[in-house]
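Given below, in the form of structure tokens, are the structures.
Below are two complexes that have chain A in common, paired first with chain B and then with chain C.
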Partner chain A sequence: MIVATLALNTFREAVRDKILYVLMIFGVLMILVSRAIGFVSIGSEAKVMTDLGLTSIWIFSGMVSIFIGTGLIYKEIDKCTIYTILSKPTERWQFIAGKYFGLLLTTFVNITILSAAFLGYLWICNAGISLALIQALVLTFIEMMIVTAIAIFFSSASTPILSAIFTTIIFFAGQMTKWVVDLGSSVKDTAPWVGKLLYGVYLFMPNLHNFNVRSEAVLATHDSLAIAISASEMWSCAIYGFSYTLALLLAAHLMFSRRNL
Partner chain B sequence: MFPLCVGISDAQEKLVFWDNLFQLAYPAYFAAFGLSAVVMVLAVLQARSAVRRRSIVLFHGSLILLLMLCALSHQTAIDTNRGFIGDREKRYDKLMSELEKRMDKEEVLRSQYLYMPVGDSLAYMTLGNTAIAADYLWLTSTQYVATSFHRGHKFEMLSRFYNAMINMEPHWIDAEVNAGKVLSALEPNRFSVEQYYIRAIVNNPDDWRLPYAAGRLFVVPPMNLDDRPLYADRGVGWFKLALSRKSFPPDMVNSTTKLMALMSAEAGYLEAADAMLFQQATDESGDRHLREIAARDWMNVHSIRLAKDLENLAAAYKEQTGSVAPDIATLLKPLSPEAAAEFKEDAFGYPFDYEPATGKVASRGVKVRKAMTVANMIHTLIGNYRAAHQGNPPPTLEDLRQFLHVYYSGNNQPGPAMTEAFGNDLNPVRSPLGQWNYDAATGTIVLPEWCNATQLYAKADAVLDLKKTKQ
Partner chain C sequence: MGKLGTNSEEGLTDDAAIRTSGLGIVYNPGLFAAKKVGLSGLDMVVPRGSTFGYLGQNGAGKTSTIKILVGLQFQTSGEAWINGGNVLDAKSRRSVGFMPENPYFYEYLNAREALDFYGKLSGMDRASRTRRAEELISEFGLGHAKDTPLRNYSKGMRQRLGLAQAIIHDPPLVILDEPMSGLDPLGRRDIRNVILRLRDKGRTVFFSSHILSDVEEICDRVCVLNQGRKIAEGPLSTLLTGKVLEVKLSVSGLTPETAPKLENLAIRAWHDGLLYHVQVDSDEKAQLAKAKLEQAGGVLRSMEQHKESLEEYFVRVTGDPGAASALSPNPGGAIVEKITEATQKS
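Coming up: the complex of A and B.
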């Protein structure tokens, strides 16, 4: 109950934040502009629209999670409002969980609005809508779960600017973790242990590219029943996302619980 | 501790050592899993004791480790199923082939089109920075060419790109020349690529590189030998245009002239080819080796030209008398002794072969030159045949012909050199000399004694001094 109250308040607070609207308006604009960019391509208008739409939803949801999430806890400490919360019978883990779910709710609403605009626009423009697109959107949301958890993790221990920088770096680096393995492959003859070590590092890094099935989804728009990845892969991705999120939240709680407030 | 590796290098030994070591990853994984579970239980049991703070840390730490191990196992499952992010191309190709089974192939190919902006819209989008737009187009197309990710109508797509690039930056000649090369590699139809060059040349009329590149398009002989004169004609035209440009580099004049001469001969402009090659061979300021090569080519072209002239005489004789001349001597009778002396033998020093039934004339030297080239190619093919037949040569050349047809079927198509040597029907049985003397025991073509390079080019040195002699 406490977590739900905190989450709802966090959501209200986020909704009052102008940056959410700015990002959302930009996201919707990008989706609408995709048609204009589609015009200048030949024979692939729908593909351009779908590509740009999915990418816009991904990038603007990520920005919402980062820019709102990284300031959440710090703001409470800075304005000393945290003392009024923690002086009540509220555990620190409840505070972290409340903040996280509040932010997640904000991200969910953001993705839902952008997705509705995107799918509606595709429908109006007679572009194909497939199950694969829904898959891509669901996976984007799971990816945002991790990004939000990363933002909360850094926010519980650092200033908003540093948190935003770290989270943004991880957000983009998480799409390119394969390079870590490639780096190891390039030195496998001279230093085989480096390759193995880097593979280990790769496994522990947040592999956000797991949730990127956008190009597959765009291709699958030809067939309304086509899916981007199988159900078992979806489950693997979902379990990966939940496990990683929970681990990050626990780490955030651990750091926050050791903070002298 | 690990198996001893005998007879392998240090690097391999190191690799095996680390491989063996990392085989412990699975036991380590389960050990870590078990350990974190035990620690978590202990932390819960100690939660009410005096060391509560430490137990909270232990609980969190072990739970985080457990969750990470859970995520890790799913990460390996995802990697196994879908491959790494870098393997996306493979997944893409797999998806494409699955889609192709269910849908119209053409539509699937169209879905892979790159975004192909047209020039004007790009100019607006870049707020007038058309050079930047051209850069973008060039870089994007280069990436596109370099990857196999997008398949389909590459030529069609890229030519749109490159035409847009010309609109954006009409004077970016380097990129235009390179773009033409890319297009020529994608499209066997030279005339389609030529259209692109024409657009670029119209925008840069004073530059030599574009007409030169357009000429080079036609240097490689066509797959269909019947198109050869047309190709050569086009090539000569472009080279002539390139040479007429003031900026044409002087050090390239010789090689371009030689190309033009050879192509002129192919196009049927024998007189022009004869004159150009003769000029090159006898130019004392030129490089000695290049002059020798030019001399050999001149001997070939000059012999063909003489044979053609003799054929014309035969045709004129037939028109006058109503019958075909019985021999070459009859044809030469009306000529002055000096003029007749020129037709005594071809430029190689061989006599002309005359067919009294048809009035056809051929230079034997030209035949010998061709026979030597074709015999070499047959020997290469026999090598291929041996590789496919436990080292045995073909019993007859007919067997080789059949092998050749099987060898060059499906996607494996013969190159221009092959069709030039054996004709469009790829027939190695046919010989420029009439018939091959094939030794089935050794798998070799035995050429007549007079059919050798030494005798063929014996007069080449003399050609170099012909101008002096004539003077």
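Coming up: the complex of A and C.
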């Protein structure tokens, strides 16, 4: 009940943030201009539209999570609104969870609106909608679950600017984990400690690359039943996403639970 | 960490609303900065049903104590209980209402929404929340602005809403941090009246304040802190001994020239153009001075006793003459008792 109350309040707070609308408008504009860019690549209009649309949804959803999420807890402390919340019989983990789910709800609404605009536009343009496309959108949302948790994690201990910098770095670095592990393997004979370090980074960093099936979805535009990854791979991604998110929220709670306000 | 004695009323334990034992907090600002003691070894008992003033200069440790009691900060030594429940347990806050100094709210909410939000956090059902919010909005005079976003509220309105959210669930203990800070006289009166109403309902009110005259007016017990340490605690009636510090006699029919010499009696004597005033430092001296003045032809118009005020007590126990002026923005905290009013015309 308390978590739901705090989540709903966080959502109401987030939807009043102008930055959400700016990012959503830019996202929709990107989707709309994708057709114009598609015209340039003769014969690949549908692929370009799909690619640009999915990338726009991914990048603008990430920006919503980062720019709204990184200030959430800091703002509560800075504006002292947290005093009247934590002095009620509210546990600190409930506060963290409420903030997280409120932001996740905001991200969900954002992705839903952008996806509706994207799929509607594809349908109007006869560009073809495949199951792979839906998989890509679902995986984008699971990826945002992690990004939102990263934002909340940093927000519970740092200023919005630092939190935004750290979260953005991890957001992009997380796309390159496959590259990191490949690099580690290639240098493990010549520089073993570099190989070990890179493997450690790989283990520690969220493997956001797992959630990127946009290329597969683009290639599947011709077949509405084509899938990007199998159901078991989808489940693996979902379990990984939930586990990583839970670990981040626990870490955020540990940092926040004994913090003097 | 265990619970204290059981009291069946309202399911609460312990006969004290607040109890602290060796409570202390040390702030650690970082690697290269010195640690700062915020509070040290506080043993304090706030009896149930009392109106308890928590006094001290800025930085004395008042807000630190309050923050520990309501779970915003964590003690580094000692323990504290609220209605028998350890403050480290969030459940202990079910029986507490808290208003921070300068309460802040979500600006986009209106009073009804804000109270509903805090009611939900306090575990109230929808019907109770709606009923209680309407009651409090009306009681606190916010009816005209109940649908106005809080960003448009004045300081006094925010303060009243802060109090309303603290008591939305009708808790047996209300903790207020500087509830009258920054308010105009009318705002202060409103808050004072609310505290008095809570007291009349048998609630325990624990509040910190800089305004000693208000504390003196509404509290039955106080605790005084100085630099993180308790220096006095007890009922006001015990702490303020009632000892007469000064007596001012005002007589007509005398001038400095015709008045008798009172070198050994008076601290000060002056004529204001209408009356001749003499100030002495005890009742006995006042009686002697009165006799001499009347013997010289003066007619006593008034005799005012000046007893020790909380402000003067505060200065005495903290040993800092600048403390009271730093604490109380309004002078006149002194207890002045007019005991004689002459009826004869000069």
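Just so it is clear, the second predicted complex is superposed on the first by the 252 of 261 C-alpha atoms of A that agree within 3 Å, B and C clash if a C-alpha of one lies under 4 Å from a C-alpha of the other, contacts with A are read in each partner's own complex, and residues count from 1 in each chain.
Methods note: a contact is a pair of C-beta atoms (placed from the backbone, for glycine too) under 8 Å apart; a residue touches a chain by one contact, two chains touch by 3 or more.
Every value quoted in this text rests on a predicted model; they were computed, and no experiment measured them.
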Touching partner for A:13 - first (chain B), second (chain C), both, neither: second
Which superposed partner A:253 touches (first chain B, second chain C, both, neither): first
Between chain B and chain C, more extensive residue contact with chain A: B
Partner chain(s) touched by A:83 [first = chain B, second = chain C, both, neither]: second
Residue ranges of chain A in contact with chain C within the complex: 1-2, 5-6, 9, 12-13, 16, 79-91, 258, 260-261
Of chain B, residues touching chain A in the complex: 11, 14-15, 17-19, 21-22, 56-57, 60-61, 63-64, 67-68, 70-72, 74-78, 81-82, 84-86, 88, 91-92, 95-96, 99, 102-103, 107-108, 110-111, 113, 115-118, 121-122, 125, 160
Touch list for chain A against partner chain B, complex: 37, 39-44, 47-48, 175-178, 181-182, 188-190, 192-193, 196, 203-204, 207, 209-210, 212, 215-216, 219-220, 222-223, 226, 229-230, 232-233, 236-237, 239-240, 243-244, 246-247, 250-251, 253-254, 257
In the complex, chain C residues that touch chain A: 25, 27, 67, 70-74, 90-94, 96, 98-100, 102-106, 108, 117-118, 120-123, 162, 165
